[in-house]
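Each of the next two complexes has chain A plus one other chain: chain B in the first, chain C in the second.
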Partner chain A sequence: MSSPSHGTLNRAPASKGLGPHTSGLGAFLKLRELPVTVALVALVIITTIANPLFLSPQGMKDLMLNATIMMLLAAGQTMVIVTRNIDLSVGSILGLVAFGTGTIFSSMPNMPIPLVLLIGIAFGAVLGAFNGLLTVWAKVPSLVITLGTLYVFRGLNNAWAGPKQHFAGDRPEAFGNLSVDTVLGMPIITLLAVIVVIILAIFMSGARQGRDLYAIGSDPEAAKLFGINVSRRVFTAFLINGSLAGLAGVLYASRFNAVGATTGSGLELDVVAAAVVGGVAIFGGSGTVIGAAIGAILLNTITSSLTALRVDKFWQQAIVGVLIITAILIDRLASLRHAKNLREKEGRNV
Partner chain B sequence: MSESATATVDTSQALSGTQDVRGPRWYTGRDAIMVYILVVFLLYAMITIPRFATPVTTGFLLLDVIPTLLIAMPMTLIIITGEIDLSVASIAGLSSAVLGVMWAGGANIWVSMAIALFVGLLAGIFNGVLIAFVGLPSLAVTIGTLALFRGLALVVIGDNAVANFPKEITAFASSKIGTTGIPVMVIPVLVVVVFFGLLLHKTAFGRGLYAMGYSKDAAHFVGINEGRSKFWLYVASGLVSASAGIFWTLRYTSARSDNASGLELTVIAAVLLGGVSIFGGKGSVPGVLAGVLLIGSLNYALRLGRVSDVVLVTVTGLLLIASVIAPSISSAISTWRHDQKLRRQLSDEATATAVN
Partner chain C sequence: MFTQRVSPTRRFGTLTASLAIAALALTACAGGGTTEPGASGSAGASGGAAKTDATITFIPKQLNNPYTDVVLGGGKEGAKAAGFATTNVVGPLEASASSQVTFINAETQAGTNAIVIAANDPDAVCSALAEARTAGAKIVAFDSDTNPDCRDVFISQVVAKDVALIQTKLIAQQIGGKGEIAILSATANATNQNEWIKFMEEDLASNPEYKDIKLVAKVYGDDDDAKSFQEAQGLLQAHPNLKGIISPTTVGIAATARYLSTSEYKGKVALTGLGLPNEMRSFVKDGTVTEFALWDPAQLGEVSAYAAKALVDGTITGKAGDKFTAGALGERTVEDGGLVIVGPPTVFNKENIDKYDF
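Presenting the complex of A and B:
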């Protein structure tokens, strides 16, 4: 008996995979990712027409490399935002893990790369679990907790690194090659990120635990009454987000030359911005991992395409700002229309 | 420090006077605890850190704290209504850039400052319209305007820095009152603090903000115009942030696009540390004043004690976490005590009726 009511509970955010009974609504709700995808495609087409070099193999590769880290972070952040929480500490987690990776390689250059990846993910998971525990246990808004851990983790990074920086020269060549070599036209780290994002997207739209996150974000009280273990699910979301930030940290060390005390600082708001642009509602309950990942690609592509279009580089950030506000406006219009549709439908039923 | 202590007394006494049931006593309130921590810390620093109790310290400490303190005022009111403004530091940066470009373009310094303020006003209006009238979530909108205003600052001034401001004005910005070491600029800042304190605690408008933060529906039913209140708060925030940007520019004699960047999180940390609830509905200006001064003096003392900047960040974060977790623990205790008290009261009443 539980499955039909479960379906009802989750109907609003469901955008795919729920079968024919939601097809009308589902098609409508696909709009959440539609605006950002259209914007991305339009941007790429316009830029390519103006400057054909933009989509050259090298250009494509740069685009993908630049978006990789942000894509992972935005996907993880989506999980947390969907539950009506937020994690502002991801930039600091990334910094700590990236510096940790540099340290491992400078002291043990022969450490196998997969092991380093696992260590980085585990390290990130521990930091994410710390956020999750504090949020769940103290029942304090995660905005405040993670603002605190943003400082604490950054401080730890400062204390650990001091003025020291690790450079790519310390790291084995094979590790740096992860962001140089391509498989199927994609740099390996991008491929890795894409696979992770797809797994996460399947988890969020298909698995019961993933659907629970939407239920919690739509109405925490109802989710509790329904029997969802809210604390455990929210904790898991923070844990996974932390491990993705950890993975992003290791990949950061592969992609960029220097890692030090300030690596990744200020990333947090960019990540939230990418998720918002990708159609993730800031107050939880709706939005998809894929949308957020596309949002991250869009924000990163804008920078390169403005350069390709020879727009003054100083305009870039202002354009990003306009984009975020437009995304929120579109979301607002869509939800107003959605509410109106629902009202009309109910009116007809009576 | 004594101003903040007396201010705490005033507000809370007024509160306890209006309540029939004996409410929380002012000397055990959240604000009072912040003031105690601040006083204890200052005494400790004066005794243990050799150069702390000097006019030089007071001067630098207060000059450092002014931008945070200024912006914390409208931020307090905004968070009390349950909203947030992340774009404050970008507005400060934009006003700084505008001031620099106007002055470098040959405008009179006072005209340049007025235009920088006006730009802050426009930025506040932009935020206010989107949040109060269009009804968009403030967290998302101000993340957007955080990027937008900082971007506009870059558009205005680019990579350049303007530094040749008139000497007498930049000197005035960091001048001290006689030999006390207290900067002259503290006086206008105090005026702003008192203004926001009175606005929040002594006017119907201010009481309405608590109502809005506590329960939107209730506020609506008692006839509070939510949209208009929020709009004016964001306008005030824009204006105050722009003045903080102007102060920043003159104090460091440098107008750059990245001035004050990252200040929004420091301000919010200080406000929350000062006892304002991120959910809205709770908090006070004296508490925030103590919170801002605590973070400021802690940072300064650690720096004087040759503790590196490294630990400073960690301490800010730990303070913030401790300040939000402590109430959770103490509220569990006070719920228990409240239950006990109710039980006692009920049994007293029962015996009273029995006697009658």
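Presenting the complex of A and C:
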């Protein structure tokens, strides 16, 4: 394989180890992110026609609030998945940080909120760094490492919290109001999440370190030969993902009533599902943070719209499953077509 | 994708890390149970036939649930006072149908004398309980019944019907006797929830005072805070004319209260059900909730422990008419179907909520 500049390696369905792309890629990429956006818009329109309350001010607010936490987690997860890794421990990280936030406020109710946010992010970063270190140093697939830390972190949470729960009533009102008050029609925690996602998106598409992550996911060997410090980049991806899960944990405590030992359990699969539905290739190398965030919004909107339409909620899981499979099929078809295009082009060159 | 050349040191590193992770994960999983040796000396007081080295095991629906914790607190004290030498509390961290079976099996093998269980599913636990009985253990169901064939007695907080009727009464008062209401329950197959819901539906249908009240939906939040929160949200969106919500589960009512208090529906949609005073205090004070009900959960645990001891000692067998003394709570009689009632429900409001701490 020729050594492509890592600027062009970016969004290839890279598990196939494809070479440099042509200008057709732009349109092709749009095709991959388009389905999730189209699905979201169609869903909102159909639901609103059936039940106008769906887009009432309160309805809009609920939709945004519901997607906030998942958006942050899916954006972070995308960074990790792009490097051909995965972090299954995010639900447990969120739980630990959320309980930590409750604990801080119950013993120090006057702690400034920004400081609590920073502590939460730092706590998440430490847990994420632990995942990163183990993955990079031990060279064990992160699937196994983070499956382990999923239980370890959850176990710590159980040991720490026991039956203790912290309730919204114990936290300062101003903190809870972060998920009630709106700025520009958007709840504050949603605004915060959107800003973080945008920053991350710019980093992933513009910054050299961000591009490196795609290069690593596309072809780790090539990335190494090219001089990218693979270990360091992968470690950073886990660290940032942990910080985002930490931030999500603090926001969870702001929004929901109770935080305790089981807070956030089972979230990890929803997060991976959101990323996959948003067009992030599970074998790394392609997909965007924005796509994953839209995927998160879509999955949450499905839940809300099925309830608004009074559809039995047991259908919801089946629908999410169909979406995941569709997303993967679209990904597969797109990469097959891309591979075929390349072959034909090379054929002509000979 | 991880088939690059690996040096021996790296391989060693890999192995160590995997082992460390595995060990940590195992420790985390095993952290579910606690053993508390009780005061074995006090057992003699119960009379000549009393076993002094008996072990009692509580298996709640799920550990680390605040309501369960209050029940178990009463249960542990009751067990000690009734004369059990050892009290074990084991159980799953998630309230799913089959999750209790492994715990029952393990406790049977450890030779426990009495199992006090709140069933997540009335039938899923049956065969495991049957084995426990064959091994000599007495079975007390509490909070949520198993299939009656699988236990000796069932300790019910209150008469199921009373619990249901107080909730329909409260919601009727709060919405002024007419309008649409909905129920937000725990899991779709929880025995106690479904029994109350059945009684509520019957009451709404038969009581002429409730003829203008319409039950429009039943939804399930699985006793998960976030899920219940979203279900509450969905209810209000799907039913714009909704006047009130009954949530007969502590997690559900608190999550719904949180949603109502942070939305435009605060004060417009009534909420009642079964809640813990400590969890509901802020919502009662800010006007989201006027009144809700519950029994004293600690007494439930206490009566269960005494019933277990009476069964183990052979003073009762669980047939109708059997009597036993539940310590300071006084005498309880086993009714038809092996049912034992703890006491009437209490209604909590702004005036009295500060008197309770659980």
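By our rule, the second predicted complex is superposed on the first by the 328 of 350 C-alpha atoms of A that agree within 3 Å, B and C clash if a C-alpha of one lies under 4 Å from a C-alpha of the other, contacts with A are read in each partner's own complex, and residues count from 1 in each chain.
Here, a contact is a pair of C-beta atoms (placed from the backbone, for glycine too) under 8 Å apart; a residue touches a chain by one contact, two chains touch by 3 or more.
This is a predicted model, so every value here is computed, not measured.
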| item | value |
| --- | --- |
| Fit or clash between chain C and chain B when superposed on chain A | clash |
| Touching partner for A:Asn257 - first (chain B), second (chain C), both, neither | second |
| Chain B versus chain C as contact partner of A:Leu53, first or second or both or neither | second |
| Which of chain B and chain C A:Gln317 touches, first, second, both or neither | first |
| Which superposed partner A:Ser179 touches (first chain B, second chain C, both, neither) | second |
| Larger contact residue set on chain A - chain B or chain C | C |
| Touched partner set for A:Ala138, first chain B, second chain C, both or neither | both |
| First, second, both or neither for A:Leu269, with chain B first and chain C second | first |
| First, second, both or neither for A:Ile325, with chain B first and chain C second | first |
| Chain A residues contacted in one complex by chain B, in the other by chain C | 134, 138-141, 144-145, 147-149, 151-152, 154-156, 158-159, 162, 261, 283 |
| List of chain B residues in touch with chain A within their complex | 86, 130, 134-137, 139-141, 143-152, 154-155, 158, 262, 265, 268-269, 272, 278-279, 308-318, 320-321, 324-325, 328 |
| Chain B contact footprint on chain A (complex, rising order) | 86, 88, 134, 138-141, 143-145, 147-156, 158-159, 162, 261, 266, 269, 272-273, 276, 282-283, 312, 314-325, 328-329, 332 |
| Residue numbers on chain C that touch chain A, as the complex places them | 1-2, 4, 6, 10, 13-14, 16-18, 21-22, 24-25, 27-29, 31-32, 62-66, 68-69, 93-94, 217, 219-220, 224-226, 229-231, 233-235, 237-238, 240, 251, 254-255, 257-258, 262-265, 278-279, 281-283 |
| Interface residues, chain A side, partner chain C - complex | 51, 53-54, 57-59, 61-62, 66, 84, 134, 137-141, 144-145, 147-149, 151-152, 154-156, 158-159, 161-165, 167-169, 176, 179-180, 220-221, 252, 255-258, 260-263, 265, 283, 303-304, 307-310, 313 |
